[in-house]
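Heads up, the next two complexes both have chain A, just with different partners, chain B and then chain C.
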Partner chain A sequence: MRSSFDLYLDGASLLHCRDPRAKLLAMLVLVVALVLVPVGCWMAFGLFSLLVLALVVVAHIPLARLLRQLLVVLPFVLPAVLFLPFLHGGTILWQVKMGGWHLTLGDTGLVLAGSILLKAILSAFALGVLVATTRMADLLRGVDALGAPRLLTTIFGFMYRYLFVIEDEAHRLRAGRDVRYYGGLLIGIRSVGHMAGSLFIRSYDRAERVYGAMLLRGYDGTHRSLNSLRVGWADVLMVMAMTVLAVSISLAGRWL
Partner chain B sequence: MKILAVCGLSYTYPDGQPALRDVSFSVDEGETLAIIGPNGAGKSTLLLHLVGLLPILAGSIKVLDIPLSIGTLKQIRRIVGLVFQNPDDQLFCPTVFDDVAFGPLNLGLSLVEVRQAVGHALEMVGMAGAVGRSPHHLSLGERKRVALACVLASTPRLLVLDEPSANLDPGGKWELVGLLKRLVGPKIIVTHDLELAGELATQVMVMDRGEVVALGDVKAILSDHGLLAAHRLAHIG
Partner chain C sequence: MHIPDGFLSGATMATTAVASAAGLGVAVKMVSRRIGERHVPLMGMMGAFIFAAQMLNFPVVGGASGHLIGAALAAILLGPWASIIIMSLVLIAQCLIFQDGGLLALGANIFNMSIIAGLGAYLIYRLLTKFLGEDRRLVAGFVAAWFSVVIASVAAALELAISGTVPLDAVLPAMVGWHTLIGIGEGLITIAMLGLVRAVRKDLLQMGRA
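Here is the complex of A and B:
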């Protein structure tokens, strides 16, 4: 079954073939350089947009898919973006009086909000490209090889592995409820609570069995794994090219 | 030498419910023992004892003459390989390769040896092409095969399978039977699939309510309709 949690997009593009560590580093450089672009530096934002768009094209990712993923990011950004134009001063663009209150829309806040929104969208696109072109297993291997704590990558690996199993279980529970559900808001809400509880207990039981399976295969608390990553010249080239491009765009934005 | 000898094993769950009562049996080197019985007979509880996942409250278990205790757990888990009923409990890694390599890696094998063990185990179950795939993209039949490969990769002397044919379609079941037939060495198979037991076992043990009610040659037991019907393994009449 194809799950909604499956972010990887099968393909053989230039980006798909790169070493996960190289991709992680390149995207990290891109995002950091992007974040450091000064507020209101539209030329730099334009160039970064072109760079991210080029990545999307090279990786053959449908734009609609990235836009859908934006829905996850926007709820965190939008509240700030909506309020900022009214909280910072600058040239007054629009003003409304409500009783004793003045609601003022200033240009400083508007520029700030626009910059934050652009940074958020472009970063989300860049990470969307990363997860669409790298299998989760490789991504975790890459994070591990770059020095992240093994415990963290292991836990994340378990989470990703069992997300799908738990999703299937939730679907079955919901189907079981739906065939006996004849409406009524209160009953509906209550049944969701029961389902969450039952899902928790099932997952807890499963965790015990999984741990048993690990013990049987000689697990003793240290997680051993084979790291079979190989860096090629193309990987080095990609990281270097990304660094040069991202840093120069960011700096150009500062100086021009 | 007997590969497994269980003597007077009893177990009561923490809530007071008795699960095993005075269970005794043994498995010889060339034997395949099928343990059959209705739901709740204590079959799975017995299996968990064989690999030391439940504590022995009364009785004893010996594997190749080594008594099972806290000190010998590692040694015994190296000899007895248990394949779980639900492959999702056994496949916990992001890729098939990582899962099959988990046991050999913990055994301290070298990189080359681990690769060899993984390749060999996957070949034995006919899943050599699935090395880089993630378990959630495999069908149930495929996941069961990979779960078997996970255990085979550590080369256990005694293979123990819990309901291997559960939830498989007839095609998948007979493929599995063929596969298990090709694997040499002693096996214990817990099942209520009498077809499967008849096809693979040399000995059959019938359990009901935590007790061994019959133990003997496969033909003698599976042709005893009265016995099977009395323990919900065949329809009455």
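Here is the complex of A and C:
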């Protein structure tokens, strides 16, 4: 089985041991405070970088993993960020004429682009810390305990359970296509459609089989778990510390 | 089209989050009225299917490749409300697993690619099958799939412009122009898939009506 989706890193760090609800809340506070930092507050961005870095170190997340995350985030963010400095004016830093086009690099856009880049990367890292230190099943139970609709968390649980299986199925289909494929855009598109079709039929039939197997084992629509969630002092302390830190960095960055 | 964190203003994030939560809430209500515990594994599996189908990419030109998004497909196969739930969960999974799309931008991403795209595709599909007749179902599927991609890109462009990140006259033509092309691929994949399922397992196409 390929495990490209399972982002949980086994460990026993301070963060691994915290209650999933507490981690979720703390991470949410952090990301909200970070995203609401005004454009160009480099002081606040610096402090937030240190905070996220501290979390990464505490959670024992290897550098290679962070770099891989960066590779996922950057292709979406970089092109947009590269255009921004040319779209917003401000003090002109650099100018070229290409045919009828005036390309002006302004400082407003440059500051905006830098801020957006930092926010996107830091928030992705913070989220990365959360999923690296929390098993998906625990995270789901946390979200459930926080009041998310049961239908959604149950369906999500099933989806996550079978992502790996259906992904394997998709890889087999793709490998089969790749050894037979001889080019042509339209043929390529059509064959992807047919692959999606047979993937759909296989998934549907698998769902029927899974449901039958679950019925045999007494499934009645409710999800049961052996160990229950418990909030301890350390969890409360973490949420409070994170709130104080994130809010004060956010405010300090604004006034300093 | 997954918007990362940092691109949207606080007001835009809050508004789209509230809109998405409301839409998802309605979808949960509508779906739980009709489905029993029997459909829970099926919905989960369909989410996994959409997730995996997005990984079936095809080469376009050079090193670039395209892939399916799936909102129209889900809406046509499973009905609008189930498709909203499934696409939203797929987007949440992509945010958690790949950090593809920001945590706080999730409201906007769900609004664009799940609610607007799903409802839009379903409306267009039903209207067209009514006007053109059931025989031209594939034409309706193509237009619905194309439309779902384009309208999602319009919504994303508007959100980025309202947030003051990019001027509207720059982002709207760029996003919509690009997704007009992507939408053609989406439409072709969608009808190839619907055609295959109809030829092989016609019974599965009735789910959206149930």
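FYI, the second predicted complex is superposed on the first by the 209 of 256 C-alpha atoms of A that agree within 3 Å, B and C clash if a C-alpha of one lies under 4 Å from a C-alpha of the other, contacts with A are read in each partner's own complex, and residues count from 1 in each chain.
The definition used in the following text is that a contact is a pair of C-beta atoms (placed from the backbone, for glycine too) under 8 Å apart; a residue touches a chain by one contact, two chains touch by 3 or more.
What you see is a predicted model; the values in this text were computed from it and never measured.
K.L.:
With the two complexes superposed on chain A, say which partner A:Leu226 touches: chain B (first), chain C (second), both, or neither.
P.N.:
A:Leu226 contacts chain B only, not chain C.
K.L.:
Let me test your reading of the model: by the given contact rule, A:Leu152 touches which partner, first (chain B), second (chain C), both or neither?
P.N.:
Touch partner of A:Leu152: chain C, not chain B.
K.L.:
Where does A:Arg190 make contact in the superposed view: on chain B (first), on chain C (second), on both, or on neither?
P.N.:
After superposition on chain A, A:Arg190 lies in contact with chain C alone.
K.L.:
Answer with first, second, both or neither: which of chain B and chain C does A:Leu63 touch in the superposed model?
P.N.:
So A:Leu63 meets neither chain B nor chain C here.
K.L.:
Considering only the touch criterion stated at the top, classify A:Arg135 as touching first (chain B), second (chain C), both, or neither.
P.N.:
The answer is first: A:Arg135 touches chain B but not chain C.
K.L.:
Counting only touches as set out at the top, which of chain B and chain C does A:Met240 meet: first, second, both, neither?
P.N.:
neither
K.L.:
Kindly classify A:Leu216 by the partners it touches after superposition: chain B alone (first), chain C alone (second), both, or neither?
P.N.:
Only chain B; A:Leu216 stays clear of chain C.
K.L.:
Kindly classify A:Leu53 by the partners it touches after superposition: chain B alone (first), chain C alone (second), both, or neither?
P.N.:
So A:Leu53 meets neither chain B nor chain C here.
K.L.:
Between chain C and chain B, which one touches more residues of chain A when both complexes sit on the common chain A?
P.N.:
C
K.L.:
Give me the intersection of chain A's contacts with chain B and its contacts with chain C, in residue numbers.
P.N.:
Shared contact residues on chain A (touching chain B in one complex, chain C in the other): 136, 157-158, 160-162, 165, 206, 210, 214, 219-220.
K.L.:
Which residues, counting only chain A, touch chain B once they are in their complex?
P.N.:
1, 3, 135-137, 140, 157-158, 160-162, 164-165, 206, 209-210, 212-220, 224-226
K.L.:
Quick one: in the complex, what on chain C touches chain A?
P.N.:
Touching chain A from chain C are residues 2, 4-7, 10, 13, 24-25, 28, 31-32, 36-38, 40-49, 51-53, 55-60, 66-68, 73, 77, 85-86, 89-90, 92-93, 95-100, 102-104, 165-167, 170, 185, 188-197, 200-201, 204.
K.L.:
So in the complex, the part of chain A that touches chain C is made up of which residues?
P.N.:
5, 7, 27-28, 31-32, 34-36, 69, 72-73, 76-77, 80, 83-84, 87-88, 112, 115-120, 123-124, 127-128, 131, 136, 139, 149, 151-152, 154-163, 165-167, 169-171, 173-174, 185-186, 188-201, 203-204, 206-208, 210-211, 214, 219-221
K.L.:
Okay, in this complex, where on chain B does chain A touch?
P.N.:
Listed in rising order, the residues of chain B that touch chain A are 48, 51, 53, 74, 77-78, 81-82, 84, 86, 88-95, 97-98, 101-103, 105-107, 111, 114, 134-136, 150-151, 154.
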